[in-house]
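Here come two complexes built around subunit A, the first alongside subunit B, the second alongside subunit C.
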Partner chain A sequence: MEPVKFDLVALNLNTIMPMLITLGGALFILIIDLFKKLDKQFYVTVSMATMLLAIYAIFQINSAGRGFFDVMLVDGVAVISQLIILGASVLFMPLALTGFRFREFKFAEYFAFFLFMIAGFQFMVSTDNLILIFLGLETGSLALYALIAMHNRQKSLESALKYFTMGAFAAGLFAFGSMIFYGITGSVEIGQMKTVIEGNNFSNMPLILLGTAFMIAALGFKLSIVPFHTWTPDVYEGASAPLAGYMSIVPKIAGFVVALRFFDFLAMADDGVVQTLLWIAAVATMTIGNILALVQDGVKRMLAYSSVSHAGFVMTAILMGTTQAHVGMFLYWTLFLFTNLGAFAMLWISRHPSKQFDIRYDHPFTKFSGMVKINPVAAVMMAIFMLSLAGIPPFAVYWGKLYLIGAAINSDHLYLALIMAINSAIAVYYYLKLVVFMFLKDPSQNDGTIYNMNGTFPLRLVLIVAAVFVIASIATIEPLSAFIQTHVVASGF
Partner chain B sequence: MENLLYTALFAPLVGSIFAGVLGGRSKMMIAGLVPSILLLVSLAASLVLLGHVLSTGTAVAVTMFDWINIGNFNVAFGFQVDQVTAVMICVVTVVSAMVHIYSIGYMDHDKGFNRFFSYLSLFVFSMMFLVMSDNFLGLFVGWEGVGVCSYLLVGFWYHKRSASWAANEAFIMNRVADLGMLLGIALIYWQLGTVKYDEVFANVDKLDMTVLLWITGLLFVGAMGKSAQFPLHTWLADAMEGPTPVSALIHAATMVTAGVYLVVRANELYAPVPEVGYFIACLGAFVAMFAASMALVNRDMKRIIAYSTLSQLGYMFVAAGLGAYWVALFHLMTHAFFKALLFLGAGNVMHAMHDELDPFKMGGLRKAMKGTFILMTLASVALAGIWPLAGFFSKDLILEVAFVEHHFILYTVLLLTAGLTAFYSFRLVALIFHGEERYKLFGIHPHEAYRFMLIAMSPLAILAVIAGFGFKGDYFAMVTQMLPATEYHVHSPVVYWTMVFGTQIFVGLAIAYAYIKYVKVKAFDPAIESNFFYKLLINQYYIPALYEKFITVPYAKLSRFAWKQIDQRIVDAIVDLIATSIYKLGEVSKRMHTGNLSTMLRLMTLGFVIVLVIALALQMMAK
Partner chain C sequence: MFEAIAFYVFSALTIVMFYVTVTTNNALYALSALAAGMIFISGFFFLLDADFLGVIQLIVYSGAVMAMYAFGMMFFDSTKVVKEKTHSARNVFILTALSAIIIVAILTAPVIADNAQALFQPFADKGNVENLGYVLFTKYLIPFELAAVMLLVAMIAGIVLASKKMDIPLEKDAQ
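And now, the complex of A and B:
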């Protein structure tokens, strides 16, 4: 056996630099905390700096490829998804600078956990090694459970516990799935698996399908694919609004990247079994997510179910397997990021730490009755986010929907395209329901400040950035899709 | 020349926009003056264009920009002024300009003064567009524009129920006919791949006879609607609900003549299918007689004139149908002058009589309204076709055409109709201007119209006098450069002079009879009401009643049925059902989400099993 060579150049440290930076930032916060208790402003600043530095490091990776004993795989997809993860995090972080004091922000650990979580997801997307994926996934998830629980309401604790239990179950499924694939192919790297499985022409199909079922269940849990989505509304409701918005984006893009790497070659198999499975899952997810969102009374729960539906919508990109679809997937998610985070931030800005608006919900639809009369600016802002989520031109998500439905048509998935269109139509109903409440009903209270009582300058800034992006998205589509296109094509998807 | 063409075409549009901007305000003199001046500009440009076409014999053509480019369907926004168009635009602008000036006085006290001029100029613009377009599609745009404007103007006093009803009737009936027209144009495009006149006419011989029959038939359906030919004629008389200057415009310049223009314009399509032409001629002769008969008994001054237009359009279609396109166009021109004059005169009378329309309640107005009396008498003489006024030249020509072409039945019908025309025209003149002053019973004090209104009418009067003998030669030389130059001569001089004098004497007798019968009338004689023919005629042969009974009422029932039974019971119900069932589905699946962790875990396991089962099942099926 040859001794392991430690060649620093061959390690290609660039590939791991962004994660090292986030991890370093997290450790720095923990160490500082040992010596001196500092204000949350400080932690926010450090976290922001760390994340911006990590983004910078991502742009420094000019030679895409493998590193760290070939465990790391930093290709175009990894770059885009890391940018989406960090971008969402940068937008999320200022939301901690609320007007009211919330308990979680008192702890330095909150910020450390947050950075650990990001690092976990970064690892998850920058490798095709199932073990590292697993590690990244669990690092990110464990940190996330803690973040949810730190919101320190009974509901938060409950939902964190539920999420944790189910997450553990999903982790088990993932491990089983990995095991089966390792058994078939003798490798834990997706690239190798692909070579082996395609090499012997999908001969072990039943076993492959067993493994695939495990993987679908495991990743389906992360992506809240029906029927593994049951945690979503409870957990979103338990988590603070920005964290819920964050959860609807970041862990999911990480999950999508893994799903893309894993299912892409399986879905393209000749018999089309996996493709059909994914088809059913995607259609079920977008449809059931939609019809459940229809009947919700709380805006947050509605948004939770609707983000399930959005995930189903984007799932279709994986089964289509064309470059256009993959570009559409990242494009959609980028546009969705700004819109959804904006919508959740709108809820956050109206939150009170202890008082709940009504017994059952923080944000029932009735809370927004006649909002335009008492707080027109906020109402218009909220309406813009809702219209964008509903996919109404020229707002952001419309372009994503257009791109994906176009991809479906171009790849001859006509029924899928039709179902996507019908679902988009159904979705308009519940998004506009909120708009109707805000614009056409009479106010339920006189005090307009209730809608931004938690507001501070950083929160407003985040909202403005999100709103401007949503409105001006028409101008960004061209360069954005071109950027994504080059990266996706470069990594062979 | 191009700029002149644009000026002639777009000046009315500018006027319309100008008045339209002021539309919401109360009366402003400038809103009437500017469109009128712009229309005079348009008139001047049209006359220069006419001069150009006359002197050089070449058409002015422009392509403004590409209009439609879809696949290999290309239509440019093109306009042209050739011999036929030159005649049309001059007629249209002369009549319209005079009507505009007249309207400044006529609409003096109306609240919608500004709005009126906006519509009026738009009407003219649409008609100019119609006649100047160099392709069928542009013609269709103008055609529809004319339809819309007629709707706006007939229903100008929209607060009157009858006015809005008449506006709808005019619009809907034209819409029915326009469908035929549109189908005809589509057929042309389908067969020849173009809608441009030159290209279409150059390729007529490539068309199958049956197809050509369909094309000409369908186009004529469109013409029937616009020119109010039987059975689509009822709207024209009802359109009298609009302000009187509008009637003058519709009847003389901007609307009903469009149908005749279409047939003349498309003469090269009609030439190879004489059977269609013969049908058009027969229908025209029938309408001429039919409309004249209704005019005999009517007690509404404006309706009488309207029926007379219908009748004269019939004459034009006889000429066009028999291939004498230049004659048809000539009658169109002369008729435009004296009919506009007649209507404007009627407008004066209406104003004087406080909107009273029943001539039996007038009488002896010649003392109070000398100018109007002279002008209207002149117009009536021209209409009756007495030498040397305009009507004689054009109408006699049509009679000669029928005679020379050996259509003696048509000839007889038209000759009789000429007598009827003279009779009802002078029945009207006698009742309005002669005899006892019956209006005094109603306490009306008539007054003459503004002087400038009479001045605006005088050019029309001059044209009604001289258009026949003055223009015929030049006109013939010019339009026959593009229309078939058939001259219709009765070979035997004896027959010819007998015909001419015979007709004149016949018409003269009819006039004399009308005078004798109606000068001394004291009031309307109710005894006649029980007469069968009177009842038939006054009820317009019961055609409106038949339409009501067999078309309108059943259609309304059908619509109600479609609404109540099909739309509400079936379509709406299905839509609602889909919505509620989706919603219910949501309520049901909500129960899946109890928030109970054990249930959730079980569901996950179940999900895994389902995925596996489906996967294996699919695998089996794939094998």
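And now, the complex of A and C:
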């Protein structure tokens, strides 16, 4: 037995540095917890420091490249998506410093899970090896199930179990899909698969389609693509508000990156079957998500369906397959991040120990009626987030929608562009419904403290950051899209 | 010669054991026969020079899974004879046919996947386990370590969520 010799530099340790930092932070929190019980302020600080350090480490990766025997692939797409994941996490973390004492924040494990989850999703986006994608996805998801269940209500446990069952099913589908593609190409790496499949000119089409069906279903669960979206509203309703907002952003961007890597070459096949499949999925997702959002009574459920619809909107970028569409996808998601997290943080700040307006919902529409007369600042802020989600200029998501519809027209998907425009118009109705409740209805019987019951300085700071970004997006859009453009082009999408 | 004899002995034993598992009315017999069948299957792996898979089969299936089944059985009266209730003959027929189709698919799958070639040629002069070790600790080092992290997360989550206190009223934080 002679040992295998390799150079340490050839491993390219830089590629896993960001994940190593987050994992190290998680283990540090777990170990500290063994010796001394500390306040949540300490854990929030450690987590924030860890995530900022990880962001710094991402900027230190100068050259896009592979590492660890070609398993790690840190290209521009991986860098942007890791920045989105960590950025959303940095915004999310201060929301733990609430006015009420929630049980989950008493556990150091909550923060450790959070960092483990980030590391899992980071691994998922920075590889094209299906085995590592699977493991990253499962690490992230397992930690996320636990985070949801720790909110300590019957409903949270129920939603965590629902998500877990669905997620386990999706994991099985992912494994089957990978198996079929391994059978066709003899590789578990997407780059190699592309070479083999394009090399024999899509000769195994029935098998490729079977594998694609499994993959669409598996990723569809994570991205809440219709008809795999049914868990979304229930799980968001059971999870705490910021976690629901977080779930609508971070696991989905990780899923989108995998979908981008996986479907990019399949959608470009000559016969266009895969492209048509994705077209149907995307159109169904945005339309059905929108229509179901119209009839909701709870704001959180409405936002859940709206995030389904937004996912469908962004899904179109993958089937278009042009560079402009891919840039639009990341741009849209960055803008959506601030808006959606802001909207869910508004619900979090008004979280109340009892459900005094409705027997089922924490946040029914009636809770916000006449809010402008009681708490004008909060009402205006909520209205800004709603208008941004509706895609009304000059707020953030408008630019994303503009970019994506423009990409659809440029790539000759005129019907798609039309459907996207119509859907944006439908969406305005239910977002404005909340604005109407806040600005035009008479106030319900309350003294206004409920809108700020859970509020503290850190929560308000997060809201202010999100709102400033949403309003100032007209100024940041140029440098942001230029930054995304360079990275997407550099990684060849 | 030796291999042929061993193959037929193991096949006969495996089939007999699984036959007992399916036909017996006693849960305890079924369980023991299943465990024995699993152990005999590992014999095939050793015959095919897949030592590692053989050991895994012994440890995971025969050891862990069967032991868990056995613990599960302890909660029931396992000496009682189980009466089978068949609700509809049609369901039985459909399920049998489906299983048959799946077996055919499994057997033909290697034929379809002919063009799959091993990306990493194993070292010809090394044994099964050594080859696996080489791949696992070079190419698949990162997935291997991440799997460890995943198991850690699952374990901690299991411990944390074991507490059953739900819907505790919220208190205002002193800030």
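One rule holds in what follows: the second predicted complex is superposed on the first by the 482 of 493 C-alpha atoms of A that agree within 3 Å, B and C clash if a C-alpha of one lies under 4 Å from a C-alpha of the other, contacts with A are read in each partner's own complex, and residues count from 1 in each chain.
The definition used in the following text is that a contact is a pair of C-beta atoms (placed from the backbone, for glycine too) under 8 Å apart; a residue touches a chain by one contact, two chains touch by 3 or more.
No experiment lies behind these values; they were computed from the predicted model shown.
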Taking the superposition on A as described, I'd like to know which of subunit B and subunit C A:L292 touches: first, second, both or neither. first
With both complexes overlaid on chain A, does A:N129 touch subunit B (first), subunit C (second), both or neither? second
Have a look and say if subunit B or subunit C is in touch with more residues of subunit A. C
Under the stated touch criterion, which partner chain does A:S224 make contact with: subunit B (first), subunit C (second), both, or neither? neither
Which of subunit B and subunit C A:A112 touches, first, second, both or neither: second
In the superposed arrangement, which partner chain does A:D234 touch: subunit B (first), subunit C (second), both, or neither? first
Under the stated touch criterion, which partner chain does A:S424 make contact with: subunit B (first), subunit C (second), both, or neither? neither
Using the touch definition from the top, say if A:F214 reaches subunit B (first), subunit C (second), both or neither. first
In the superposed arrangement, does A:I16 touch subunit B (first), subunit C (second), both or neither? second
Could you tell me if A:K162 is touching subunit B, subunit C, both of them or neither one (first, second, both, neither)? first
Residue ranges of subunit C touching subunit A (in the complex, touch as defined): 109, 112-113, 115-119, 126, 130, 134, 138-143, 146-147, 149-150, 152-154, 156-157, 160-161, 165-173, 175
In the complex, subunit B touches subunit A at residues 582-583, 585-587, 589-590, 592-593, 595, 597, 599-601, 603-604, 606-608, 610-612, 614-616, 618-619, 622-623
Quick one: in the complex, what on subunit A touches subunit B? 161-162, 165-166, 169-170, 173, 205-206, 209-210, 212-214, 216-217, 220-221, 226-228, 230-231, 233-234, 271-274, 276-277, 280-281, 288, 291-295, 426
Residue positions on subunit A within touch of subunit C in the complex are 1, 4, 6, 16, 23, 30, 68-72, 98-103, 107, 109, 112-113, 116, 119-120, 123, 127, 129, 131-132, 135-136, 138-139, 142-143, 145-146, 149-150, 152-154, 157, 182-187, 192, 207, 353, 456
